[in-house]
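Paired with chain B in one complex and with chain C in the other, chain A is shared by the two complexes that follow.
Here is the complex of A and B:
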C-alpha cells in the first residue's frame, strides 16, 4: 500500500502552505482530504501523484498488465482455436485432468507436511541454543545445504537414492530389502519433500537462532531453578517466547515449498513415477513447453496464482492477529 | 472488502466473456534482410563445426551476400523457448526440430517446403516424420531409429550363440533365462521419464502387429482394442513381471543411466537409438565393435516380418514469419546437403538422412543398421501426439508397478488418441 503511506506525510505540508486551517493527519484519514485538496494550486495538488507515478507505472506495466494478460489468455484456446474465446473451457479441461488434480492434491500434502518442515529447524535451533556438545560445528553444518542449488542437491540425492545406490546397500547389509525410493509412487513425493526440507531448513534455522538471541535468558534460568525438565523448558518457556518467529518461519517455509520445488522435481523425478510428484508449477511447464498448450498453461497459472493469493492473505491475517496480541 | 470482491468478479467475468487476444501470436521476423537466424541445440557442440562449415559453404554458393547466424539453445529448454518465440511471433527464420509430435504440434508456425525440396526427395530418407496432412515442413538431417542392441560377450558367457540371436519371442525369453543364470539382466531399461515404453512399442511393433495393422497405425487408423495392440502392452508388463528388466526401471533415467547399465555389461540387451546418443558409437567406448550386435525384433505374432523402425530424426524447418521463405528454405536445404551430412555422420556419429553415405568404416553394428533402412518402416510411437505419448509414459510406469491392467491402459490411450 504505497499510496496510504505517502499521503499523510505529503498532505499536511501542502495544506499548511496553502494557508488553510490547520488540518491534522487524523482529519485527512477521516475523509476531509478531497475538500482540502481542491483548494491547493495545481502543481501541488498533483505532486503526490507524480511522485508515486513511477512506482505505480512499474507495478502496472510489469506486474498487473502481464497478470491480466495471462488471465485473459486462459480464456482463449490453443492450436487451431488460437485467439478465439473459449470461456471456461480450459478450466473445465484442467479439472477433468487427473494429472492436474494430482498436482493440486500434492499442494495439499505440502501444507500438511508444513509443521514437520518448521519443527525440524526449530528443534535443532533449540539444541544449538542450549549448547549441546559441538553446537558451533552443527551451526555451520546445518546451514551448508542452503547454499547449494536445488539441481545439485537433486543430483546428489538421485545417486544416494538410486535403486542400486548406497542407501539401499546400507539397508541390504542389515537385511532389509531394497526400496525404490524414487520409483514408488507412494514414496517418491515424500522423498522429494524430505530432500527439499533437508536442503532449505538451514535458512529457517538461522531465523530461529536470531529469535533465540532475543530470548530472555533469565526466564530459562528461573525455569531451571524451579526444576523444569528440558521438555518442560522447551514447551513452556521457549515456544511461547518465540511465537512470532515461529509464525514467520511458517510463512516463509510455505512460500518456499509452493514456489521453489521445481528444480528438485525436474532433476529427481520428472513428475513421475506415474505422475505422482506433479506440482502445479511443473504441470504449467510441461503444458507450455512440451505440449505446446500456452492457453491451458495460463489457466493453470491463474489457478496457482489464486491458491497463492488465498494462502498469502490467510498468512497476513494470521500475522496481523499475532501482532495485535503483542 | 465487498466492493473489492465485486470488482474482481466483474474482471473475471469480463475476461471470460471477452477472451480476446491469443496465447500464441503470429507476426514478423526479428532478423534484417541480409541475415538469417537459425535456432538449434547442436551448433554449440564441437562435433557440429565441420558440418556447419560445409552447410554454410553450400549456402554461400546460392546467396553470397546473406549472413547466417546460428544460435545454440539448451535442449532441455528448447521447445519452451521456441514456444515463447512462436507466441510472440518473433524468432528465428530457420529452426531445428525433432521429427514426429514436436514438429507436427507446431506446423501452424511453419512454411510448407514441398515446392522447395522436390529435388532432395530421392536422395534423403525420413520425410514422413516431418510431414503433416501431406505437406512437408522440414528437411531431414539425421535418421532416428530404435534398433535392439545386444552384448555378444554376455551371450558367450550364457552359452548362447552370439552370431544368431533369438528370432522368436519364446526363444528370446528362454535365452533371457540363460542370461539371468549367467548373472545379467535381459534388458537395460530406463523408464523414469516414461520413454522406455516408446522404444518398446516401436522396437517390437513390426513383429507384434500384422503388416496391415502396422500400416493402419501409421496412417492414423489405430485400433486400440485389437488383440495384437494389447499384446504389445502385455509383453511390456510381462518383461517387468518376469524380472527381465534392470532393477528400479521406473526410477532409472534412460539418458544415460540405462545405457550405462548396458555398456557396463549389467544387461544383455538395450533398445537404443541410432543417432545422437545411446547408439553404436556411444557404446563403443566400453563395448568394442566386435562385442556389439544389432538384432532384429523376435517374432511375437506368427507370420510377421521384423523391420527396423525409423523416422527422420532431426530436420530444419522454416518459420512462417520469415521475410523470404525461398531463401530460408535454401538454407534448410544446404543444412541437409550431401557434403554437410557426410561431415555430420563422421563427427557426430549419427545415421544421416542421406543413405548414399558410405558407413563401412563404422563397424558391423552400423553397417547392419544402414542395411536394414531399405526395408524399414516409420516407428509406431512417432505417429502418436505428444499428449498421448506423455500419458503412455505414465501408464507404462503403472503397468510395471502393477497398479493398472492392460485393458484399462488401451482404453485410456484410445480416448486420448481420439481426442488428439
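Here is the complex of A and C:
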C-alpha cells in the first residue's frame, strides 16, 4: 500500500530502476554549469555522501557504536571495580538475581500469551474486512488506544483498577471481590499484559487490514458461493493468503511486548508487587538509574538484545522467503 | 444469504461492546476530571453535573502540566523537523542517486531498526554525560532523532523509489544541482510520505517516557509524559486533579487522531507492507 493517498498509481516498493541516474556527468562542462553549484564540481560529486552524512553519522554514533560499547561494558565491574574486566561476573550475578529470573520468566509468559495478542486483532480485522455492520466505526475506535502513550493508558487503568476504584465498586455491587488487581503478585502481571494488549491491538489490526487489502476478493466470493461457513473461510482462505502478514504481526507484537511496556510497568506497578511484574527493560532501568549498577544493567541489555536478535533474525528470514515468493 | 446476515449481526454485538470497552476508560477519565473531589468519592460513575474547568486549570498551572506541555511541544517539533530533513535527504540519495557504498549505507541504517533504546540505554546515557548533553534539550532531541531515524530513512527511501528516475534526469539535464533537485523536486513530491512519517514520529516522541526519563533527570526540564507519571504519587488522593493531568496529556493526541487518522494508519501500513 503506498503511503498517503494522493498518488494511488505509484507503487514505491516495486518500481524498479531501469538505468540509474547520472550523478556527476554535467558538472564538468563549464557551459552547462549548474546555476546553484556552490562548491564547484567537487561538491556535486560528493553530493550523495553529503546528503546521507547526517543520517549515517547519527545512526552510527548513537545506535551502532553504543551497542558495541554496551557489550564491552557488560564485561567490566561496577563501583570500586569500575573499568576492570570481570569476565562473565555480571552475567553470573544476573542469573542468580531472583528479580532478573522473574523478568525472564515473565518474558516466557509473554511468549505464551503472544498467540492471543495476535489472534484478537486478526479475528477483528477479518470481521471488519467482511464488512460487519459499522465496520468503519470499529476500525477508528479500536485503533485509538494504540496512539496513546503507555503512560496515559497506565494512569487511566491505575484509576480504574485501584483497590477502592470503580471496577471493584462495580464488582462489589454484585457481591464479588474486592480484588487487588495491581497489588496481588499472582494477578498483577496478567493485568499489565492485558492492558498492553488492550492498548495495542489496534496497531496489529491496521497491519492486518493492510494485508487484507492485498487479498484476492474473488477467492472469498468463490468460497462463499460454495457455501463455506465463516470458520471455513477464515481457516482455508484467509489464513493461508495472509501467512506473511500473520508472521509479521507475530514478530512485531513480540518486539512490542519486549520494548514498549516500560511506561505501563512504571506507572501501574513499578515492578511490584514483590517484584512480580519485572520485565528485562524495567530491570535495566532500575539497575542503571536507581541502583547505580550500569555494568550489570549492560549485561541485562545484552541479554535483551540477544532475545531481540532471535526475533529479528526470524523476521529477516521471513522477509527473504517473502522476497523469493515475489 | 440470510444466515450470513444474521451471523454478521451476531458478530456486530460483541464488536460494539469491545468498542465501548475501548473508549469508555477515556470517557470515564474525562468525566472524572470535571467532577469535584467530593462528587467523585460519593459516586464514581454518575455524569458530572457541570463542566468544571477548575481541575484542568489547576493541573495546568499549579501542578506544572502547562510548563511540561510547552517543553514537550518544543522537543517534539524540533525532533520531527530534524527527522524529516535528515530522513528525506538520505532517502533521496539512497533511492535516486547511484554512488559507491550506497547499499552498505542503507543496510547500516536498517541495522539501527533492530537496536531498541533499552539495549543501548546505559552507554548512550554515558555518551550524553561525557558530551555534557545530558539533561539538555539538544541532548534529548538528538536521542529522539537517533531513535526514529532508521525507520524514517527506511520509509522515505522506499517512497522515493517509486518516483521515476526520469524526473531527476530531466532536472539534471536542465542544469539543476543535486541539491536543487532535492529542494525543488524531491521535497514537494515527498509531501504525502513526509506528512505520514512526520505524524508518526511526532506521536512516538510525544508518547515517549523511557528516553525522557533517562536523559532528563531535572524536574524543570520534564516532558509532559514524565509529568503524568509524577501525578501518581502526588495526587493519588485527589483523583479529579489526577484525571485532569491525564486529560491534558491525552487531548493533543486525540485531536491529531481525529483529524489525521488516515495518515497515521497509512504510515503504519506502509511500515508493515514494505518490510
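In this text, the second predicted complex is superposed on the first by the 252 of 326 C-alpha atoms of A that agree within 3 Å, B and C clash if a C-alpha of one lies under 4 Å from a C-alpha of the other, contacts with A are read in each partner's own complex, and residues count from 1 in each chain.
We take it that contacts are C-beta pairs under 8 Å (C-beta built on N, C-alpha and C of every residue); 3 or more make two chains touch, one makes a residue touch a chain.
Here the structure is a predicted model, which is why all the values come from computation and not from measurement.
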With both complexes overlaid on chain A, does A:138 touch chain B (first), chain C (second), both or neither?
second
Figure out whether A:64 sits in contact with chain B (first) or chain C (second), or with both, or with neither.
second
By the touch definition at the top of the document, which applies to A:116: first (chain B), second (chain C), both, or neither?
neither
In the overlaid three-chain picture, which partner chain does A:314 touch, first (chain B) or second (chain C), both, or neither?
neither
First (chain B), second (chain C), both or neither touched by A:294
both
Chain B versus chain C as contact partner of A:222, first or second or both or neither
neither
Go through the superposed model and pick first if A:49 touches only chain B, second if only chain C, both, or neither.
second
After lining up the shared chain so the two structures overlap, which partner does A:84 touch, if you call chain B first and chain C second: first, second, both or neither?
first
Would you mind checking which one, chain B or chain C, touches more residues on chain A?
C
Which partner chains sit in contact with A:181 here, chain B, chain C, both or neither? Use first/second/both/neither.
first
Chain B and chain C contact sites that coincide on chain A, given as residue numbers:
69, 73, 285, 288-289, 294, 297-298
Inside the complex, what are the residues of chain A that reach chain C?
1-7, 10-13, 15, 17-23, 26, 32-38, 44, 47-49, 51-52, 54-56, 58-64, 66-67, 69-70, 73, 124, 127, 130-134, 137-138, 140-145, 147-152, 155-160, 165-166, 169, 198, 202-203, 206-207, 209-211, 213-214, 224, 230, 245, 248, 252, 255, 258-259, 262-263, 266-267, 280-281, 284-285, 288-289, 294, 297-298, 301-302, 304-305, 308-309, 312, 315, 319
Using the touch definition from the top, list the residues of chain B that touch chain A in their complex.
11-12, 15-24, 77, 79-80, 83, 87, 105-106, 108, 192-194, 247-252, 386-387, 390, 393-394, 397-398, 401, 403
Quick one: which bits of chain C touch chain A in the complex? Just the residue numbers, please.
4, 7-9, 11-12, 15-16, 18-19, 21-23, 25-26, 28-29, 32, 44-45, 85-87, 89-90, 92-94, 96-99, 102, 105, 108-109, 111-112, 114-127, 142-143, 145-146, 149-150, 153, 155, 158-165, 168-169, 172-173, 175-180, 182, 191-193, 195-197, 203, 206-210, 213-214, 225, 228-229, 231-232, 239, 242-243, 246, 249-250, 253-254, 256-257, 261-270, 272-275
Mind listing the chain A positions that touch chain B in their complex?
68-69, 71-73, 75-76, 78-80, 82-88, 99, 161-164, 178, 180-185, 188, 269-270, 272-275, 285-286, 288-292, 294-295, 297-298
